[in-house]
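First the structure, which I've put down as structure tokens, then a few questions once you've had a look.
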Amino acid sequence: MATTSHTPHMTKAILAKEILKTRRAFWCSLGLTAFFTIYAILGINRVITTHGVEHVWLIMLMKDQTFTDSIKYVPLLCGLLVGLAQMMPEMQQNRLKLTLHLPCPQNRLLMTMLATGFGELTVIYLIQFVAIGVYYSRIIAPEMTCYVLFNTLPWYLAGYTAYFFSAAVCLEGKWKRRMILALIAAGVVTLYFIQPMPGAYNGVLLPAIVVTLLLTWLCIGSIVRFRQGLID
Amino acid sequence: MSKLSKIILYAVAITVLSWFLPWLYALLTPSASSDPFCAFSPISSQWIVSRSAPGEKPVITLVDAFGGNESSGTRIPVSVRDSLAPQLYYRQLVAHDLLPDTIAGKAVSAHELKTHEAFFTCSPRETNKVFPGIWLMMESMPVRVELSDPKEGFRITDNGIEFIRISDNTVNSDRSRRFTEAMKSRGFRFPAKDLSANITSQKTYDEGYLMIDSEGKLFHIKQRGGRPYVAIIDMPEDVIASKAFIWEESDRSILGLMTDTENRPYVIRSDGHKAIPLPSENGKIDPRRESIMVMGSLFNLTVRYTGPDGSRWRAFDADSLRLIGSIDFPRVTSTVSKIAGYVFPYTLSMTSSYDSLAYPRIKNFSLKALPLGLLLALTLWIMAARRKDKTMKIGALLTLPLGIFAFLPFLLLGDE
Amino acid sequence: MENVISVKNLTQRYGRGRLIYENLSFDVPKGSILGLLGKNGTGKTTTINILMGFLKPQGGECRIFGEEITRLLPQSRSRIALLLEGHVQYSFMTISQIEKFYSNFYPAWNRDAYYGLMEKLRVSPGQKISSMSNGQRSQVALGLILAQNADLLVLDDFSLGLDPGYRRLFVDYLRDFVKSENKTVFMTSHIIQDLERLVDDCIILDYGKILTHQPVADLMRNLRRYEYVAASADEPLPDNIEGIYSPREGHDGREFYSFLPQDETRRRLAEKGIAALSLSSHHVESLEDAFIGLTGRY
């Protein structure tokens, strides 16, 4: 009788499978992000052509605008998209049972899955973040670029939050609890958008990052409940 | 693992509810704030307090300059108000040909009143804003008559001021050096603690910046013909400036306002660049927590400080800045929020009308919510005992202090 | 003989409601094929869920390879092949991608077994599973199960969606595979004909209880179909008599099923005032007849 233990090639296989599964959602999200980022940049370019770059500085410094409003909800959308694309198929036709039957420790398995989605989102967010940073650093002072970039961070956190919550909602087996989780998710995500002033969240970013990462445990909770047979 | 996930779920749920339920409650029970509007009459030296509710006639009361309150005041009609506060309602008086030639020993005309009309506001929201660390510098003596949008920005470093040409986003070292030298030669110690300017070309003139240096001295700095203009503001001895506000008002007599580290307010006269303390009992003002509104006129300066506890109005003589009137309006707790006190043991809000930051603030602690908490906790305990549910029992214990915010999640998320 | 699956006093209800079964106990010895039969809603899938650790039983204990199922080690999991209603896990994969994926998890992976079956499917390795018919997908799932080369096969409704030819093929294939390699199988199916060719033992579940648990051969030998002509039209049916199953009015008289010998049956009928003078005993012809005989026709 051969014995197996969890080995790197299992993690690699799961990773490859998750990437394959979310491939479409990933490219969609990336396309969406690229579209809105380009849209935002073209918008600034238009302001520069019509009113001069001075106007951009003036509006940014005096009117608290960062010209990035059009990308505000895009990371959130991406988080949702990737989360649903990754976890919804698991919930159809007993697939999660088959996934959990794989001879791989349950939490390791889930964490590998979540890491895939998290990583994909990070790639998308990073591309956008760097694009905005590079573009802005050419036309505004570094302090202002920082100011603009810091202002986008809560949006990315909202995206990750949406991702983890959508995963937890999908993996949860009971409809009633799914609804409640979705409502809580809506509440948490809203918190990242209630104060539109640039820099408003700077002081809470670190705790917010910790809370966001802790949300992975919500998915573990859903799996544990699934294991106990708490399914509709 | 599963325990931690439960803790996180309940903690998140309780947090969200602590914010959402009070917010929802406030949304569903809108209460019009009935903050009064005051004017100080140069004729009768009394406060004219106007309260208006939507769709109703304004209630106008004449109240003594000091120590008066609305209930002991005299109700007056609108027409009387207009003649008692000509600094505000001179247009109406002119229309009815009722504007006298002299008021309080001063010759008046509509033009004169208009010239001295001045208005200033500043809210903690503005004061506490996050600034990127770059400011704009206007040209206060433009070649053409009208002002134009700034062409350069600047940053303040530990050693000086650095100008950046906006057009190509590069440092203008020449101007940087000239300003740094000028500021240092006037005694400015870098870096700056506070800066205030009103950057817009939609104004009649530009006074540049009021800047507080690292030692709390106040400077007036502007760009004139591309060159630095730096003047130190004369302050009473031992006063350390904390916040400064530039005020480019129409008659140019007041340069701005200032508070010191003791939260005492000052008016900065353009004439002589002097900071003059505003005398008043209970007149301290923390611009980081309270908003300031100033109405200037030929006769007086009427100042309103509004904070979480209510609003305070002070009137000062326009020439001597002597305190000539004082009236306070403590915040009245509305019935709606009194009821909320019985339901919510506390509230959580992420935003505040006093700043533009987002962070959790727990407030409105209410012991009155304890009975409801007890009731809900008992309900949950009984349910928990029936179901032999340990989590729910913990929920019952948490419901005691956290009330409805803990009750709902433990009720709804309890395992079947 | 070593028991691969051992279930003791299993008790399970739907939520806090209807009892599915109480004190269900059975063992599946190594090398045997056990079929779990029952009408819809008698708890077949529930049992599989419990055995695979997807449902915490309300009472009782289950062990697989001697390990408590809720704490089954990944190594032991790799020795169990699981098929749920013919579902393939990932329809976004192609025939070859899914084979490659699973091969990473199972040390005894038998690639040839999988591709051997796939050849019969007439699909190309690059074809996506989502573009295949339900039956074809079931076949892919079965191929994966066989390639896993597991010691225990748990098959829930394996024949769902398969056409008769392939069902027959698979049943034979499975039987050879199991018998030659001394594998153990625990399976349920809607199509009892398939089980007859395959299973050694069967458990027949009724609502709330086990009807019988015995080798299929014994069941076929011992279960009898009885026929008699009623004395009068208003003579009652032999309902509620212990040991007598599914009494009904047939075309040529009345019939019921029982494991009891004829004398005993006659005695029990007489106790209820049924003379059944023409009582005749017949062998059941198939496992399906036996199943319907025991569980009734709804």
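First chain written, first letter: the chains are A, B and C, and each begins at residue 1.
We adopt the following convention: contacts are C-beta pairs under 8 Å (C-beta built on N, C-alpha and C of every residue); 3 or more make two chains touch, one makes a residue touch a chain.
All values reported here derive from a predicted model rather than from experimental measurement.
Counting steps between touching chains, the shortest path from chain B to chain C takes 2. Chain A has the C-alpha centroid lying closest to the overall centroid of all protein C-alpha atoms shown.
Centre-to-centre separation of chain B and chain C, using mean CA positions: 76 Å.
If you average the Cα atoms of chain A and of chain B, the two centres end up 37 Å apart.
Between chain A and chain C, the centres computed from C-alpha atoms are 45 Å apart.
Taken residue by residue, chain C touches two or more other chains at no position, since every residue touches fewer.
Multi-chain contact residues, meaning those touching two or more other chains, occur in chain B at positions 416. Residue ranges on chain A touching chain B, taken from their complex, read 52-55, 57-58, 60-62, 64, 107, 138-141, 143-144, 146-147, 154, 174, 176-177, 180, 184, 187-188, 191, 194-195, 197-204, 211, 214-215, 217-218, 220-221, 224, 230. The part of chain C that touches chain A in the complex is made up of residues 49-50, 52-56, 74-80, 82, 84-85, 87, 89-93, 97, 100-101, 104-108, 151. Chain contact summary for the complex, chain B toward chain A: residues 1-2, 4-6, 8-9, 12-13, 16-17, 19-20, 129-136, 149-151, 153, 155, 164, 166-167, 169, 199-200, 350-351, 356-360, 412-413, 415-416.
Taken in their complex, chain A has these residues touching chain C: 1-6, 9-10, 12-13, 16-17, 20-21, 89, 93-95, 97-105, 226-229.
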